[in-house]
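Note that chain A is present in both complexes that follow, paired respectively with chain B and with chain C.
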Partner chain A sequence: MSAAGNIRLALVGSPNCGKTALFNLLTGSRQKVANYAGVTVERKEGRFNAASGRSYAVLDLPGAYSLDAASLDEAVTRDLCRGFYPGEPAPDVIVCVVDATNLRLHLRFALEVRELGKPMVLAVNMMDAAKRRGIEVDLAALERELGIPVVPTVAIRRDGAEALVAKLDGVAGSIHEPRGHMSAAAMVDPDALHAETRRLLSLAVTMPRRTAEIDDTLDRWLLNPAIGLLSLATVMFLIFQAVYAWATPMMDAIDAGTVALGEFVGATLPEGPLNSLLVDGIIAGLGGVIIFLPQILILFAFIIALEESGYLPRAAFLLDRMMSKAGLSGRSFIPLLSSFACAIPGIMATRSIQDPRDRLATILVAPLMTCSARLPVYALLIGAFIPQQQVGIFNLQGLVLFGLYVAGILSALAVSWVMKKWRRDKGEHPLMLELPSYRIPHPRDVLIGLWERAWIFLRRVGGIILALTILLWFLLSFPSAPADAVAPAIDYSFAGRIGHAMTAIFAPLGFNWQICIALIPGLAAREVAVSSLATVYALSAASDEAATAALTPVISDTWSLATALSLLVWFIYAPMCISTLATIKRETNSWKQVGIATGYLFGLAYLASLVTYQVAVLLGAG
Partner chain B sequence: MDVALKLTELPRRTAATVETVEDLSPNDAIARRLRELGFVSGERVEVMAAGPFSAEPLLVQIGFTRFALRRAEAARIRVVRAVEQAA
Partner chain C sequence: MEAGLLIQYTVIALAVVLSTGYVARRQFPAAVRRLRVVLAVPMVRDDKPRWLQRLGRAVAPPTRGAAGGCGGCNGCGPTD
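Up next, the complex of A and B:
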């Protein structure tokens, strides 16, 4: 809720106009990310105080090419600008952001916004890039012709929004509704909008050439059929090697910290259930999850940087044909790439796919992308079973990890292809994707993006995972073993009984009862499977020394290679994340789709693991 | 000589001017969006490149912007090859 006296700004603009960078510059870390009421479109709000002492609440509206909405995002922007959005107050001032290097496209949208007749300021962004390219924009002429205040902004410079804030401060109380230059009938006529855009351009803009030379050169190489695909493969491969190599020192530090904290708490508190809950349940469980934050952050740093640089749409361009053959679209690439970090933001990112069929297909296969929550499981199993050796210039462990990623991708393409054939769909599904100018990502935008992702991940850790860790600890600790027990205490617990019962179903896959127990909490979030295994083995260990020993030597001693491979394959497919299923429900608003996703993923997981285990045993890995 | 072509028939890196965008069906949403993106009569248009598989999609320069368009989308756009200017 904005306090009385706050001025509500709404930032609007076409995709790639630098609107979010401007939003980050204005509000810094004072941002709140949520959803608009009733829909799953992301709502970003922030606030800032101007030098005058006046405080502003800023809403970063979804990017739109037109108010004649073609997607849910654009509909939200349209309704909010008009002040019709339920539960959202109408903005006091609309700040329409346009890219100075892309005015032909963006001015048309600005004219459309102006026709709403709301108080409005035009921010001509990326004035620095325009200057470098020799583009001259006569802001005074624009201001005169448009009849609204026009200010220059440079979102990547610290003082780049000063002119905007000064203008808002000066006129915020007195910005009048613009006088329309065109009749209401002209508004619906696209030709009139284009004619007016052309008139403004000829009056106010001189451009030595239509495109940036650097874009032409980069596109010639990066979109070249051979070199482009090779570059894309190289970029992806480097990302995965970096995630594996760079994260290790940070993970070791977190691990050491968790162990030290556990020992300290264990030694300080008296023996008993509380000590056990804190050390074996909460500290060990949470530590085993937070340890993977470095990998998530490194992966997201790459994804955000690629997105900011303008390379991601190029990747979509290169892959569109292949993906549309498989019943997806080039636009699916970005959501699917995000799903490598987590399927939840990935599925939420499918909102940028306007076509309903492409969107649904992307949502259904997104869980097959190897999300970061699987990395803990993969890292544990690869570390324990795959020897640390060089294969040519590559690390064998890295190669196996790469293979698991590839298996997920190929399965996703196969599944979406089958879905396409199943539907026998003949309709047309558009691409129409803008390839923006290349840009050097600004550290501020990458850091704010990373902070949001880390916060989302940690909130999940804090909520669902903590609750489950405690539940699991309870299942593992009660009922306690009788005084004359010969077997380990866990055999008498609820968890032991459930795990033993499950082995009847999972024995053909080579899963022992410890794995079966870990699969239960793993249903809520895959990464919990690792902390659960740690808990299971720590509690069933005979001594304190064994309990604090790392999980790696334990499983490499007690599991066969066939079991490890089978579990790796299981995690490629298994629908092991209730949060993902909940997101699918929210995004499709259909329990049927949730059922389809769960059913096919479970079926694939069981079948693939069964084949892997049985073949591995036949080959002598049992 | 003015010859109207589909954008898909235009050779790469050849300057042309948009004549019109055709609706393939009544209220063609794709055609409407193409017009909003700047494919309107009189705009300079050029096909810059094509994707690596089956030459799909096309990289199309319109105004100051580049778009990836599938052939089915680009085929809605009628263009006229630019006459070589003396100046």
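Up next, the complex of A and C:
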């Protein structure tokens, strides 16, 4: 037991066994999500009190197929189960969760855990699904053969963990350590483990067929190379439509709230630097970031629902061949999809890629996906320079926006293809995926997942983004203009001086000093460049939309088409987001990789913008 | 300078210093640790006044090592 008197439970199990659903059922919203010390593996801990009054601290360990670790996740699970993980007390009881419909795979892992010799309970989960498929599990026989307590659970039912809690309560403090059944040599011999699993299955499980009929029927269509890809494209199209269509009312509400708060604070506080810091800096800056929360949550709602339904591994399987030709793998699909909302969750989602080489390639190309923060910039430039006219049945402005998205995707594939050519290890790493049974996502699990995502995002907003916003406001506001100043005040600020100095580098791309200044606050978040341009042009704007509306005629009058095209191309590639680079550092734990990402993105951006500008000038657009 | 404006600039200076510290600590933890060591070592020497030594100990980074017990291996388990 822990010092606090809680009994420490560790939930272990193979991926897709319903372990996290069981964790959610046991702990509800009493969860803490963080990382294990020194690694980027997510640590989830929760608490619950049983009817007996006993307190339990539950740790949801990363999913593992074996204790012979093949990934960082599995290594964390192995070390924690053994009580060797630094800073983590050994669990008092291990609850090993297995899927009753997939015992052939999951029992093998349970056998490995049992051989650790720690107090353990086996939770046979999804008993309802097994019953529907006609699978009968003789729990008494399983308990007798394994020599450990075995309980049935249904994690999606409110009372689905009662048997588990009752068993834990009944035997707490007296759960015996299981006797070793297999020799040390047999424990590491996969054949012996398989043989023991087969023996247990023959004794305790009867199943009419190995896979569910509905799974086979759906897979016949959804894994078909033609129909499957078409279905995937349709699903993706619907997700993007929903992300942009459904989020708009919520984004408008946040925007209106930000403006109202800014106006209230601006009117309440006396004029002065503190008023400017709060209104122009903190409220406008953080509001400009929080506005993307609805898009992020909608995207994650779809991702969590697709993951829970069992479809995502199938999407990864479908795309594997195509992506492996470009040096990625099917597992890169989800992180790259997430990067359309923001590269940061996309890069964090690469934790699910077990192969370090594929993971690194995905991390390095994720910033090329068109994140939602680029949209305000694209909307500003397209609105100012691309005429509102029809090309056949399509809108020209819409086509340009679509072209910018496609350019990002093609660039990511091209960059990963080049990385594949350069790396020493040219071997193809086969994609090993378990295709779980299809199931209807439980609303509770989706909501808890969304709450976690929202909390992580808001913590970032209140932490690093707030700090950077204050620093950027300072750079844009100080030193203030001299009394006899003729130029705008920002000209005399630190950021203004840096902007003027930067023109020496960016003049060949057609960027004037105003654009250079806007690039600096854009380092914190790309969309801030729009509001910054408005400030630079001495236009007051309380929101991105207002800034865009006011800016459009100014930049269309003062910039050439060549400059606008060059800036659009710059935003496809430029490493303009410090938070993304910081996330790359955290995920790779390597400054070298940050340097490579920054270097190649900056190089590509500079080269592509230079070529675009010079060619456009030659064609008379300068 | 009037008092109200002085207070405003003081609050801004505090916010900027705290933000700089936060960003440095989050983005460059190793460099911050080294900086704290460099600052603290001359302050804690025996010939320094007691108040400076106390300040030096406050500036010094916390010692490294496993936080809390690892639950039974008594420090003999693998650390990687």
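The criterion applied here is as follows: the second predicted complex is superposed on the first by the 491 of 622 C-alpha atoms of A that agree within 3 Å, B and C clash if a C-alpha of one lies under 4 Å from a C-alpha of the other, contacts with A are read in each partner's own complex, and residues count from 1 in each chain.
Going forward, contacts are C-beta pairs under 8 Å (C-beta built on N, C-alpha and C of every residue); 3 or more make two chains touch, one makes a residue touch a chain.
Please read all numbers here as calculations on a predicted model, not as lab measurements.
Participant: Aligned on chain A, chain B and chain C: do they clash or fit?
Facilitator: On the superposed model, which is not a single observed complex, chain B and chain C fit side by side.
Participant: Scan A:Glu88 for contacts with chain B and chain C and give back first, second, both or neither.
Facilitator: A:Glu88 contacts chain C only, not chain B.
Participant: Looking at A:Gly272 after the superposition, I want to know if it touches chain B, chain C, both of them or none. Which is it: first, second, both, neither?
Facilitator: A:Gly272 contacts chain C only, not chain B.
Participant: In the superposed arrangement, which partner chain does A:Leu105 touch: chain B (first), chain C (second), both, or neither?
Facilitator: Once the two structures are laid over each other on A, A:Leu105 reaches chain B alone.
Participant: In the superposed arrangement, does A:Asp79 touch chain B (first), chain C (second), both or neither?
Facilitator: second
Participant: Now for A:Asp252: first (chain B), second (chain C), both, or neither, which partner does it touch?
Facilitator: In the superposed model, A:Asp252 contacts neither chain B nor chain C.
Participant: Looking at A:Asp189 after the superposition, I want to know if it touches chain B, chain C, both of them or none. Which is it: first, second, both, neither?
Facilitator: In the superposed model, A:Asp189 contacts neither chain B nor chain C.
Participant: Please work out whether A:Leu229 is in contact with chain B alone, chain C alone, both, or neither, and reply first, second, both or neither.
Facilitator: It touches chain B, and chain C stays clear.
Participant: Based on the superposed arrangement, let me know which partner A:Glu136 touches: chain B (first), chain C (second), both, or neither?
Facilitator: In the superposition, A:Glu136 contacts neither chain B nor chain C.
Participant: Check the residue A:Ile470 against both partner chains and state whether it touches chain B (first), chain C (second), both, or neither.
Facilitator: Second partner only, chain C.
Participant: Tell me, in angstrom, the smallest C-alpha to C-alpha distance between chain B and chain C in the overlaid model?
Facilitator: So the smallest C-alpha to C-alpha spacing between these two chains is 21 Å.
Participant: Show me the chain A residues, by the header's touch rule, that chain B contacts in one structure and chain C contacts in the other.
Facilitator: None.
Participant: Of all residues in chain C, which touch chain A in the complex?
Facilitator: Against chain A, chain C makes touches at 4-5, 8-9, 11-12, 15-16, 18-20, 22-23, 26-27, 66-73, 77-79.
Participant: Can you list the chain B residues touching chain A in their complex?
Facilitator: Going by the criterion above, the answer is residues 29-30, 32-38, 40-41, 44, 48-49, 51-54, 56-57, 59, 61, 63-70, 72-73.
Participant: Inside the complex, what are the residues of chain A that reach chain C?
Facilitator: 37, 79, 82-90, 270, 272-274, 277, 463-464, 466-468, 470-471, 474, 582, 585
Participant: Chain B touches which residues of chain A in the complex?
Facilitator: 65-66, 68, 70, 101-105, 108, 190-191, 194, 207, 210-211, 215, 219-220, 223-226, 228-229, 313, 316-318, 320-322, 324-325, 330, 428, 430-435
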